[in-house]
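Next come two complexes, and both contain subunit A; in the first it sits with subunit B, in the second with subunit C.
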Partner chain A sequence: MSYADMKPGAGAPAHTISATRQGSTSHKTGGTQKTGHLTAWRRRQLAGWLFLAPAIAYILFAFALPIVYNVMLSFELTSPATIGHFTAPFAGLANYRFILNDPTSTTAIIHTFEFTAGSLAGQFIIGFALALLFTVRFPGRTVGRSLVIIPWLLPLIVTGVIFKFLFQLEGGAVNQLLIDIGIAHHPIDWLDNPHLALWTILIANIWLGVPFFTLLLYSALQDVPVEVKEAALMDGAGPWQRLRLVIVPIIMPVIEITFLLGFVFTVKVFDLVIGLTGGGPANATQLITTWSYNLSFQQFSFGEGAALNNILLVLALICAPLYLLLSRDSLRRSSGAAR
Partner chain B sequence: MKLLTKTRHRGLAALAAAAVAVTGLSQVTAFGATKITLTEEDYFNTPGQLSALAAYTKQFEAAHPGVTITRQYVPFANLDTKLLTQATGNVLPNLLAVDNPFVSTMISTGQVVPLSGMKGFSTKGYYPAVINEGLSNGKYYSYPVAGANSVALIYNIPMLKAAHVAPPKTWAQLVSAAKALTTSTRYGIALTCEAAEDTTWQWEPFFWGNGGKGNFSNIASAPGVQALSLWKQLVTDGSASKACLNWSQTPAASSQYIAGKAAMMVNGPWNFPTLNLNHMYYGKQFGVVPVPVRVPGQKSIVPLGGEDWMISKSGGSAAQQLAFDYIQGMQTPAQELTLAKAFGYLPGKVAVAQTYLKQVGPEWKVFIDQTLYARPRTLGLGVKYPKISQAVWTAIQSALSGQQSVKGALSTAQSQINTILKG
Partner chain C sequence: MTRLDSSRSLRWLCTLAAALALVVVLFPVYAVIVGSFESTQTLFSGTFYWLPHAATLANYSTVIQAQSGHVLTSLIVALGTAALALIVAVPAAYALSKYRLRVTVVLVSSLLICQIVPSIVLATSLFIVFHWTHLVNSYPGLIIADGTYAIPFAILVLRAFFFSLPNEVMQAARVDGASEWQTFYRIVVPLARSAVITVAVFAFLNGWGDFIFALTILSGSGIEPITLGIYTYLGNYSTDWGAVMASAAFAMVPAGVMLVLAQRYIASGLTAGSVVG
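Our next item is the complex of A and B:
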C-alpha cells in the first residue's frame, strides 16, 4: 500500500527496459550497465521533479509567500508611508505587545473561541438531529432534504442582509413574531445590544453551518450497515442505546472530520459579521478576522493587523496536522470496519 | 506600459510615414504629436457623475490631440485598499480621485506629487477647508473634484407644523422638538451611529460646534461629554431609535426619514435628488437648518466631505504635467458649476458657490454658508485620523448601547486618542 512497497514491483520492468535502452547510448561514453542504470534513475528523478515543479511553484507562490510576508509584516513598523517599499523598519515584538494590550484584540480572540465553540455545538446538534430525521421515511423527506441545503447556496453577504432584516429593531420579523405570540412585550435589540449581538450572529452562523453537518452526517448514517443495526435491535438495545453505542461509534471518523472542517469554516467567518454589525456595537462583535481587517485596512496598521492574523495562522497550523492525523486514523479505522 | 504604447505608436507612425513615402505623397501628417495615455481611478457611479466626467474628458482629449484618458472604476469600499496596493508596486494610476479623509494617507505613501509649484496652480478663491484638505508640510497635493459637501439638519415641514414646533436652533430646542415629534409610528430624529466613519462625521458638528478640538484632544472634557450626552438623551427619551447603531447615514437613516419614520435627520445635500424623487421639495415638504448648537452664539462647525484629485509619480514629468492640465481645467468657474450640479455638491470656490446658489436653489444656502467655517477632518492629523475616528465612533456606540456611561466611554476614547496623538 505504501509508496515503498510499490517501488520495486512497479519499477522493475521499467528499470530493465530503460537499462537496456540506456545501455546502447552508454556504450559511446564507455559507461557500464550500472552507470547507465543510475543515469536512467537520475533522469527519472529529474522528470519527477520537473512534473512536481509547477505544483511546488504554485504552493510557494500561493501559500508560502503570503504566510512569510505576513510573518514579516508582523515584525515591522508599518504605515502608509512604508507601503512603497517591500520592507519596513524592524519593530521587534511591538505589534504583538500592542495586540496583547489592546482590549479589543484580546476580546476578539476570546470571542472567536466562544463563537467557534458555540457554532460547532449548535451546528452539530441541529445537523445531527436533521440527519437522523432524514434516515426515517416520511412524506416530504426528499423535499426537506433539498430545502436544508438552501442556506449553503446563499452568498454570506446575502445571509447577512437577510438576518439584518429578520432581527432589526424597527419592524424586524423576529420581533414582530415574538410580540404577536406574546413572548416579548417590546422589541428586542438583537443587533443593537452589545450583550446580545454576538448571540444573534451566532444564530445566523449556526443556520448557515447546519446544511454542511446534515449532509455529511446523513451520508455517514447511510453507510451504517443494516445488519449491525438489526443485530443491536435483536440484542434488545433501545433507540438511545443503538444511537450511542452502535451508530455514533461507527460514524465517529466522519463526525471528527466534520467538526474539524466546521472549525476551519467558523474560525474564518468574516462577511457575516461585516454584513450584520460591522463589528459593533462598540466592538462587541469583533472577531479575529474582522478586527485584523479593521486594523489593516481601516486604520492602516498593517503590522498590528498581521500580528493578530498570525494568531489565526497558529490556530490553523495546529489544525492542519490534526486534520491529517484524524483523516489517516479514520481511513484506517473505516477500512478496518469494512473488512 | 505607457512607454510600450508610446513606442508602438511611434512604430506605427514610422510605418505610416514609410507608406506615405512609398506612395509618393509627401504630405506632412499629424503623426508628429506623441501619443500618451493617462490612467485614472475613482469610485463615482451615479449617472450624473459619470456623464459629467465623460463629457469633460472628451473635451480635454479634443483639446489635447494624442492624449487618451483611460478611466477605471473601483467600488468605494475597495478604492483605498487598491490604491495602497498600487502604491506598494509603484503602479498608481496617473490621476486618482480619493475620498478626502484618505488624502493624507496617499500623501504619506510618497507616491503622489505636490501640485504647489506646478504651472498655473493656485489656491485663490477656494473655501479654506476645501483646499486645505490636501495641505501637508506647506505643500498642496490636491484639487477638489466637484467641490465639497457637509451635513445639516433636514426636517419635515408638515410634521413640524402639525406638532407646532419650530426648526430647532439649540440643543434644548432639538431635544424638546424631537420629543414633540415622536409618535408611536415615528421618531423625532434619525441619527447614524453604526460602526463606521459616517458616525464620527455626523457627531463632529455637535462636538466641534461646542468647542471640541479638531484633533479630539479634549473629547472627554465638557465639549465632548455635553455633545455625546445630547445624543444619549435623544435615544433615552425615545426620540431617536436605538437601531441607529446599525444605520448608515445614507441610505439607512435617510430612508427612515423619507419613509416618514423620522421627522428630522442630520444629513447632506446629496439627498436632494432622492427627496425630490419621492415628491419632497424644499420649502414645502422639507427644510434645512444648520446643525443646532448648545447655546445661542455658538457656530456650527461641520466636517467637509467630497473627493480630491491627486497626481501620482507614475509616468514621469510629461505625464504629470498633462494630468495636472486635466485637473486644472476643471477649476474654471463654468466647469465647477457643471460638475457641482452633476455631483450634487457645492463648488469649492466662495464666489462660484454664490453663483451656484442663484442657479440651483435656496436649499443650498445653509450648506454654502457653513462651508466658510468648515473643517477638513484630517487637517493636522493626517494618517492618524482613521484611528482617532475609530476611537470616537466606538465611544459613541458604547455610550448609546449602554455598554459604558457617556463619561466612561469618552475617557476610554480619550486615552486611546492620547496614545494615537503621541505616536
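Our next item is the complex of A and C:
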C-alpha cells in the first residue's frame, strides 16, 4: 500500500484536470507535468535515503560486519599470530566441538540459564510489588519514584565494584548487618564460596534490574482505566481477584515485553560479574559472556570465543521473532508526509 | 470515619514500605560515599561503620591525581557517543517516520534485532576488525563501538516521537519553499528538542558507563576511561578500597547530574524506548 500510493500519476488529479481542460492538445503538457511531479517525488525519495545513509552505513559497519565476521571466526583456527590478518585457516567445526566438550563452557551455559531465570523472577516480583505500591497515593511517592531509578543509571562496572565492597568477608556491610541484627554469628564468605557466589551476582543483578521492571509496569498500571477497577470493585472482587483477573490481563502486553527485554538484558550481563567476581571462584560465576571474554582476550583463542559467542547470539535471538511480533504496531506504522 | 482512618494509615504504611525499599535501593550509593571518606586503617579493620569513622579526604586527593585524566577521557568518549548518536539517529528516525521508503520495515526490524545483540559478540569481532582498520586504541574506534548501545535505541525513540509531529508542519515548510534539508534542520529538529535531549542523555550515559568495549578495544594504550581505571584499581590482591570508592563516586556523578537535570527526559525515554521500541 505504501509504495503504490506514492507513485506519481497513479490517481494524481493534476494530470486528469489538465487533460480535460486542454482537451486533445494536452498530450505534451500532461507529459511535462507528470515529469515535474516525478522529480519532486524522486527528490523526496533521494532526501529520505540521504537521511538514512549514515544509519545504514553505521549498522553495516558496527553490527552486520561484526556479526558476519564472528560467524567466520568461529570456523577458523585462530592464534595470537592471526589477529593481524583478516582470515585464518579453516577449522571446520573444531571450535564448536571444543565448546561442547569444555566443562567450563557447558557450566557457563548452565549458569547463564540459572542466572537469567533467577534474575527475571526476582526482578519481576519485586518490580511489580513496587509498581503496585507507587500506584497508591501516599506521601512522598513522587520523590520515591524518581529515586528508584538510580541503580539503572550507574555504570554497570561501578555497580559490580560496589557490591564487591558490600559483600566482602570482613568489613562488608552485608555481613556487618547480618551480625549486628543477629542473623549470622560469623561473617559469610559470599564471594569466595563457590556455592554462594552465584547467589551474590544474582542479588546484585536483581538490585540492578528492579527499577526497569518497576518503571515499565508502573506506567502500564497508570494506563488501566479507573472505570474498569471501579466496576470490579462494585462486583465485589477482592484486591487479589482484582489484580489477578482484571489488572494483570489488561497489562499483559507490557508484562510480556518487559520480560522479553529483561531476558535480553540479562543474557548480556558482563560488567557486573567482572567487577564482582571476575567469573570466580573456580569458575562458579562464569557466564557465557565472561567465559567468552576469557577465551578470546585472555587465552587469545578467538575462534573458540567466537563459537561461544554464536551460541549466545542464537540464545538471545530466540526471542527476536517474539519481539518483532510484539512491536508489530510500531513496525507497520507509517505516516508518510511525503505523500 | 473508620474507613478514612484505615485508608490514612494504609497510606502511611505505603510510605513506610517505600522508604524501606528506597533504603535498599540507595544504600549501595551511600556506602560508596561513606567508604570514599574512610581511612585505609578503617577499611581494613574488618568492621563496616554505618557512619563515617574518622573521615579523611586522603582518598580523594589520591584519586584526583590518579584519575583526573581518566575522567577527561570518559567525558570525551561520552560526548563523542552522544554526538555520533545524534548525527546518525536524528535524520534516520525522521526518514523512517516521515518518508515512505521501501526499506523502512526491514530497517526498523533490524534495529530491533540490533538491540538484542550482546556486546561481547560485537567486541570480539570489532577488536579484530579494528586491528585491520587501525581503529584499536583510538577514540573514534571506542566511540563507534559505544554507539552500538545508543544508536538503535535512539532511532526507535526518536521515530516514535516524530510520529507525533503533525505532517502539516512539514507541508507548510515545503509550501514556503524550504528544501527537504531545511525543513528537517530548521523546523523538525527544533520541534523534537525534548526527544533529542532524551536520546543525547542516554547516549552520554552509555558512553560514560561503557566498560566492555574499553576493556577489549583499548588494550594497554594511553586512553583509559574511568570505568577501566576503577577496574585496574581492583586488580591488585589488596584492593585500595578507599581509592576505589572515591573513583566510583566520580563515576556516579553524571548519573546524579542527569537525575537532577534531566529527570523527566530519563523517565520518558525509558518507557518510550521499551514499550514503543
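We adopt the following convention: the second predicted complex is superposed on the first by the 270 of 339 C-alpha atoms of A that agree within 3 Å, B and C clash if a C-alpha of one lies under 4 Å from a C-alpha of the other, contacts with A are read in each partner's own complex, and residues count from 1 in each chain.
Everything below uses one rule, namely that contacts are C-beta pairs under 8 Å (C-beta built on N, C-alpha and C of every residue); 3 or more make two chains touch, one makes a residue touch a chain.
A quick note: this is a predicted structure, and the numbers were derived from the prediction, not measured.
By the document's definition of touching, both partners, subunit B and subunit C, reach A:Ile83. In the superposition on chain A, A:Asp192 contacts subunit B only, with no contact to subunit C. Contacts of A:Gln176 after superposition: subunit C is touched, whereas subunit B is not reached. Shared-chain residue A:Phe297: touches subunit B and subunit C both. By the touch criterion stated above, A:Thr107 is placed in contact with neither subunit B nor subunit C. Applying the stated contact rule after C-alpha superposition, one finds that A:Lys164 touches each of subunit B and subunit C.
Subunit A has more of its residues touched by C than by the other of subunit B and subunit C. In the superposition on the C-alpha atoms of chain A, the part of subunit A touched by subunit B in one complex and by subunit C in the other spans residues 83-84, 164, 170, 297. Put simply, subunit C touches subunit A in their complex at residues 10-12, 14-15, 17-19, 21-22, 24-29, 31-32, 35, 43-48, 50, 87-89, 91-92, 94-105, 107-129, 131-132, 144-145, 147-148, 151, 155-156, 159-160, 163, 167, 170-171, 180-181, 184, 205, 208-212, 215-216, 227, 230-231, 234, 241, 244-245, 248, 251-252, 255, 258-259, 263, 266-267, 270-271, 274-277. Within the complex, the subunit A residues that touch subunit C are 2-3, 5-6, 43-45, 47-52, 54-56, 58-59, 61-63, 65-67, 69-70, 73, 83-84, 86, 130, 133-134, 136-141, 144, 146-159, 161-166, 170-173, 175-176, 207, 210-212, 215-216, 219-220, 254, 257-258, 261, 264, 267-268, 270-271, 274-275, 289, 292-293, 296-297, 302, 305-306, 309-310, 312-313, 316-317, 319-320, 323-324, 327, 330-339.
Residues of subunit B that touch subunit A in their complex: 80-81, 84, 87-88, 90, 105-106, 108-111, 193-196, 241-243, 245-246, 256, 261, 383, 386-387, 390, 394-395, 397-398, 400-404, 409. By the touch criterion given at the top, residues 79-81, 83-84, 164, 168-170, 189, 191-194, 276-284, 294, 297-301 of subunit A touch subunit B in their complex.
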